[in-house]
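After this come two complexes, each holding chain A, first together with chain B and then together with chain C.
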Partner chain A sequence: MLANRKLILAHFWFAFAVFGVALTLGAWQMFIRSPIGTWLSNPELYYRSLTAHGTVMGYVFPTLVAMGFGYAISESALEQRLVGVRWAWAGFWLIVAGSIMAVIPIALGRASVLYTFYPPLIGNVFYYLGVVLVVVGSWVWVALMAVNLRVWRKAHPGAPVPLAMFANVAGSYLWAWTAVGAALELLLQIIPVAAGLKATIDAGLARVFFSWTLHAIVYFWLMPTYIAYYAIVPRAIGGRVYSDTMARISFILFLVVAMPIGMHHTFADPQVGAGFKFIHSAFTALVALPTLLTVFTICASVEIAARLRGGRGLFGWIRALPWDNPMMLALAFSFVMLGFGGAGGLINMSYQLDASIHNTQWITGHFHLIFGGAIVIMYFAIAYDLWPHLTGRELTDLRLIRTQLWLWFVGMIVTTFPWHWVGILGMPRRMAYFDFGDPAIAPQALSVTFSAIGGFILLTSGIIFLVILARGMRAPQADAGPYRFALAVHQPATVPVALNTHALWVALMIALTITNYGYPILTLALTEGTSVPAVYVGAQ
Partner chain B sequence: MSTRDLFTFRNGHFKIGVGITAVMLVVTAIAGFIVLPFAQPWVQFANVWDAICSAAGVPRRAASVTAPEQSKRLSDVVLTSHTLSRPSQEAIGRGATLAQRCAICHGPTGISRADSPNLAGQYAAVIYKELHDFRSGARTNAVMSPFAVNLTDQEIADLSNYYAYLPRLPAYHPTPLLPKPNIVIYGAPIRGIAPCGACHGSLDNKTGSPWLEGQSEAYMKAQLQAFASGERRNDISQQMRNIARAMTPQEIEQAAAYYASQPPDVVKAVD
Partner chain C sequence: MSAEDTHGSAEVAARVERRWATIAVIIIVGMALLAAFAGIHRATMPQPRVETTDPSRIHLSGEFVESNLGSVLEANGNVTVRAIGQQYSFTPACIVVPVDTPITLRATSADVVHGILVQGTNVNTMLVPGYISEQLMRFTRTGDYLMPCQEFCSFGHEGMWGKVQVIDKTDFANRAKGGGRLSCVGQ
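Presenting the complex of A and B:
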């Protein structure tokens, strides 16, 4: 039962509202730097928009979705009222306050530093403080997830923690630890400079701190999606999870190997030794493992559903799947985008191949395909699945929902495929203007135009999504019953302690962070003369 | 079972989890720190420890490279965004006295009536740098150089603070506002020219770059041409020379005319 529906709805609504704004900015960016837009003549406006888009899409939106979904999981999977509701509201309001605090300087053009901060570029201090508030608010959630699980364990000694909650807490621990990197960068390095206490900054060290956050944050974004794969989709299509153990192992692996690999974002940086880059690259290869396990387990779970519905044959069962069920559709789209995105990721993680696409539009194409595509389409699915339980009203317009998912899928492919392509041709990212009249890049104009059209398809889909949710608030009342998660084929009666708790894996995560980051951070921090003068946005 | 039963090698999961992780770490470390460094035939290591240090990124002094001889003097001014950022009232006052000598060309209010640059409200770091360059000979001008050679560091700082303190006034010979030419709006990305505003803009000012609105058209044109021909070379790292060289003569004219027609930038004046 969901007792705290208002809390969860508040998280989702704020998340999707800011998502709508950032999506509009994204579409505008696409348009304005494409050959079909007339250039607005002020690059500064582009970077304001880009900073707002990245900050919202990277920090605010997914965090709120993970939090709202996390509270829903805690209440429904544990069948226990949320402990610490006041704290949860406090965390929520911290995030609201932080977002507003960050967005004002961005809108005024005082913090056009992009969401990766880019030191020695330094913006207005309130921008960074706002981001810190968002992170602190999310840490409240982490603590609450741990507390709620603890309370439940006390009441159910030795019982297997429901899979959804086990995964949810794993995701929250991953986030707690990975956010430390950016927090150190902000608190020790950037904020003192932005506040005028220091005038120089060690940009190389700052980038290493940021890489600590940058990889595992994407797995934090991914967690709700993976939980939906395992815990929602099989139930929604009438199947069962093929293996509960396999699922737990996947989430554990994410916890251990998502963290010590962030230096694949610093392959081109001179301040990091090649040996460490290699270790991070090798561990990056390992992170494909939990994803492959997941793809296998989910395909098997889906096959179970199909066979239960009378599907037969080696592949004939695929036709027996409930394709008109939005959850099925979302899963299929998500997997296709995950597949293409994953293939692109193989290029990024390789030290040598990365050099050819580093800082090109390939990168933005890649993370939009995986994040905006494979991950966010499941956020939509989660919202559709939860909405009737949150509002007490039915979502009746399945056709519109399917249209929305189709548009998001098609829009994302039309946007990101050409985006990758121009990246291979060498088009740099984070540029406000391209002179497509110049013969050197004129041939890329067509691809960029397609991308921009895809952007508008996505915008349309996003608007439909918001309309569906808003209409769902006013539909006739209907009791959706208790909110449940998928059961496994063999629902476990007992689970080994290692797979029922997180301690061992959290310990390994921290240990690997120390081995893989300790030396580079210490040497950079202790070496004299590595700081450079800060460059203030909008300062003289 | 409790965590006490978990963190022990008697627990199979613990053994496997820690074991595999440790093996992975050791194998990748050996590959990354020993095997791969030696797999690069073009790098020579004295011994294994040397290879490990290199792969770990232990900081070392780079072999000292002697800079190529320069036939002409280059600027040796170091600027940061904090150069002269907090002037005292006394410094401004001393600057005002010294500036009487400059008024004949740069105008009593810092607005030139001839084609010398306007200095009123110019960034302190800009005036500071140019005076240093005139003094050292990195920039030369028949009229300015003799004035600058006798200035002390203190006098240069005072003058810079004084002019930065003066209010920005409209140019002495106002001209009708011109529309922004493309070279100012977009630069020319393919030729490596950033939009002028990326450095000379109001929100986006890069330290050491002057604001240009209302400067004399003839003066700006002459400077761009001097940068393009290499006659003027006190810009740090050739920042302006690279741009001016890639500009066409028409673009130089358009940019100079456009900036000359603009009123002083009020955004900055109130900051």
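Presenting the complex of A and C:
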């Protein structure tokens, strides 16, 4: 059993509890704006719900999963006592306090600005302060991951850092730096206005600051999933990691190129020129590289497992895989959704194609497929894999676990495929209702109905997930042994310094951010007369 | 497995891996070059220039005063459309333009962030207060197109729908004869 099981369980339970609430809100939103729901008499309720859903799913839930998983990795991969447990608890409570502080104004309808803030719309100041507390809490974790790795390095000079910890620390640095964009927007621009110290704000500059966070945050959400691909899946299905080196290169590439690409979210914006839009588009293409490398390495690792189990032939080995193993199932579903979502992503980041789908329901479909689908299904898998090591009890109902994963996969496809389709038809995002009686909108009604049904399938799956975890707390006791990560086919005896440390890559990440963001931010900040009056919401 | 076998298999593994990495790099570089070519050669690209305007004064003077909003036939036969978005409507709420004509849409926001999207086309741009959005468009079919606001602009966002009416070229020219700014509001 893991020594810090209480700490990790606290992170996971709070994460999954708020996930359950936000998932319910999401399903309600799908229903209420579909033709099977009745029109809301008060559309403001929809935007309240949407703000809560986005804030929880974007800031609170994945951050807590990454943190809890990170502590588990630090303890088990480094095989050393976690340094700074008190600090870790302090970080956790900061996040709990921040979440509560943010959710109260949302629930009161005082902060319906969506999790993307959208100044010059300005909500209640406590909403933003709550988000800041969540981020500060997570920065405690970033510092602890660095400290724990440093302690380990001192005790093991020159030894290769275990892959899981190497990736985990890379993810934590990525998060620390990507959160700076939104932090600057909040601290320099939004909070002074929300607190009444200023009455104007530069909306264009705010959008550029937010784009700094908005894209790389997705790669932060992705990190636990990729760590699970490399460090858990091969072990769980009885295989080996095809290449330890390639895995390290992938994580380094994420660290460096996930960051300076966020302006592909502002292709349609008037405050950024074409030059930087193109540069960010080209860099976004680069970020596909670590994913392509990962798909290769993981498929090869899975093939190793299949061949060890007696699989033969060019494709015949696929049948020899342990398909009744939830980890195998989750990986396959995750890859299918990553494939479709990734293909859609290439369209979004395209300099030319983006205009046809920008801010339509296609985008909502896209990130639900990637984040809610490919990423979150692996969060489930991580929880299932860790649970026996946290509770000292076995998860016995594999059939129910498989059902849950199947429902999530089917639900996500049923939800997001029609969502993409209505986006191509030009259906805009974030509307509380649509007039399906309009002959121009009526053809979208069937697709929206399917999406709503998919939402309820997802809700069912989410409830089953929580039930499985809760029942796992009361199952018969069983010793799961020490928590272990997958080994590589050729386990490295030594690793080049560049692939064993992060300093060079963090420096490159910061340098690229400055070259790709420095000039646009400076020119916008120095342009006179672009600050516009704030529009306060919920204040009437 | 002997030490030599291990060494050999490691080499095979590295070779296969390098091949895949090369293919991946070629795909990505190819995509970026294609985008650059289309951008430069066909001039298909997002809005290239940054222009600013003061939203608290747009109703008083300058390009976006109310009397200047709508469609105007330029001397060279092209059409310029000027519009603003505000909570929760576009002005003009119905934009009239001729078919098969190069059109320049110039628009801005009077308050918060909005967006203009013309359904069934690639016309899609953000309206950010303080900045002017410019988009080139050309319609090849006459008819009515829905034009929703595509960005959350607070509680009335779901009601912010405009319309684009694409009419015959001669019809448009006749209506433009009297000068002034055209729209299809109230028709």
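Rule of thumb we're sticking to: the second predicted complex is superposed on the first by the 538 of 540 C-alpha atoms of A that agree within 3 Å, B and C clash if a C-alpha of one lies under 4 Å from a C-alpha of the other, contacts with A are read in each partner's own complex, and residues count from 1 in each chain.
FYI, a residue touches a chain if its C-beta (ideal position, glycine included) is under 8 Å from a C-beta of that chain, and two chains touch if they have at least 3 such contacts.
Note that the coordinates shown come from a computational prediction; the quantities given were computed from them, not determined experimentally.
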Touching partner for A:Leu425 - first (chain B), second (chain C), both, neither: second
Chain B versus chain C as contact partner of A:Leu512, first or second or both or neither: first
Contacts of A:Glu44 with chain B and chain C, given as first, second, both or neither: both
Touched partner set for A:Leu121, first chain B, second chain C, both or neither: second
Which of chain B and chain C A:Ala503 touches, first, second, both or neither: first
First (chain B), second (chain C), both or neither touched by A:Ser243: second
Partner contacting more residues of chain A (chain B vs chain C): C
Touched partner set for A:Ala274, first chain B, second chain C, both or neither: both
Contacts of A:Leu286 with chain B and chain C, given as first, second, both or neither: both
Shared chain A surface residues [contacts with chain B and with chain C]: 43-44, 271-275, 277-278, 282, 286, 431, 433-434, 438, 440-441, 527, 533, 535, 537
Footprint of chain A on chain B - complex, ascending: 1-3, 5-7, 11, 13-14, 17-18, 21, 24-25, 28-29, 31-33, 36-37, 52, 54-59, 80-82, 85, 123, 125, 180, 185-186, 188-190, 195, 197-198, 201, 203-207, 268, 271
Chain C partner contacts - residues on chain A that touch it in the complex: 43-44, 46-47, 112, 114, 118, 120-121, 202-204, 207, 242-243, 246, 266-275, 277-278, 281-282, 285-286, 288-289, 292-293, 296-297, 300, 346, 350-352, 354-356, 358-360, 425-426, 428-434, 438, 440-441, 489-490, 527, 529-533, 535, 537
Touch list for chain A against partner chain B, complex: 39, 41-44, 109, 158, 199-200, 256, 271-279, 282-283, 286, 431, 433-435, 438, 440-441, 496-499, 501, 503-505, 507-508, 511-512, 515, 519-520, 523, 527, 533-540
Chain A contact footprint on chain C (complex, rising order): 6, 9-10, 13-14, 16-17, 20-21, 24-25, 27-28, 31-32, 35-36, 38-39, 44-52, 54-56, 87, 108, 111-113, 115, 117-120, 122-134, 144, 146, 148-158
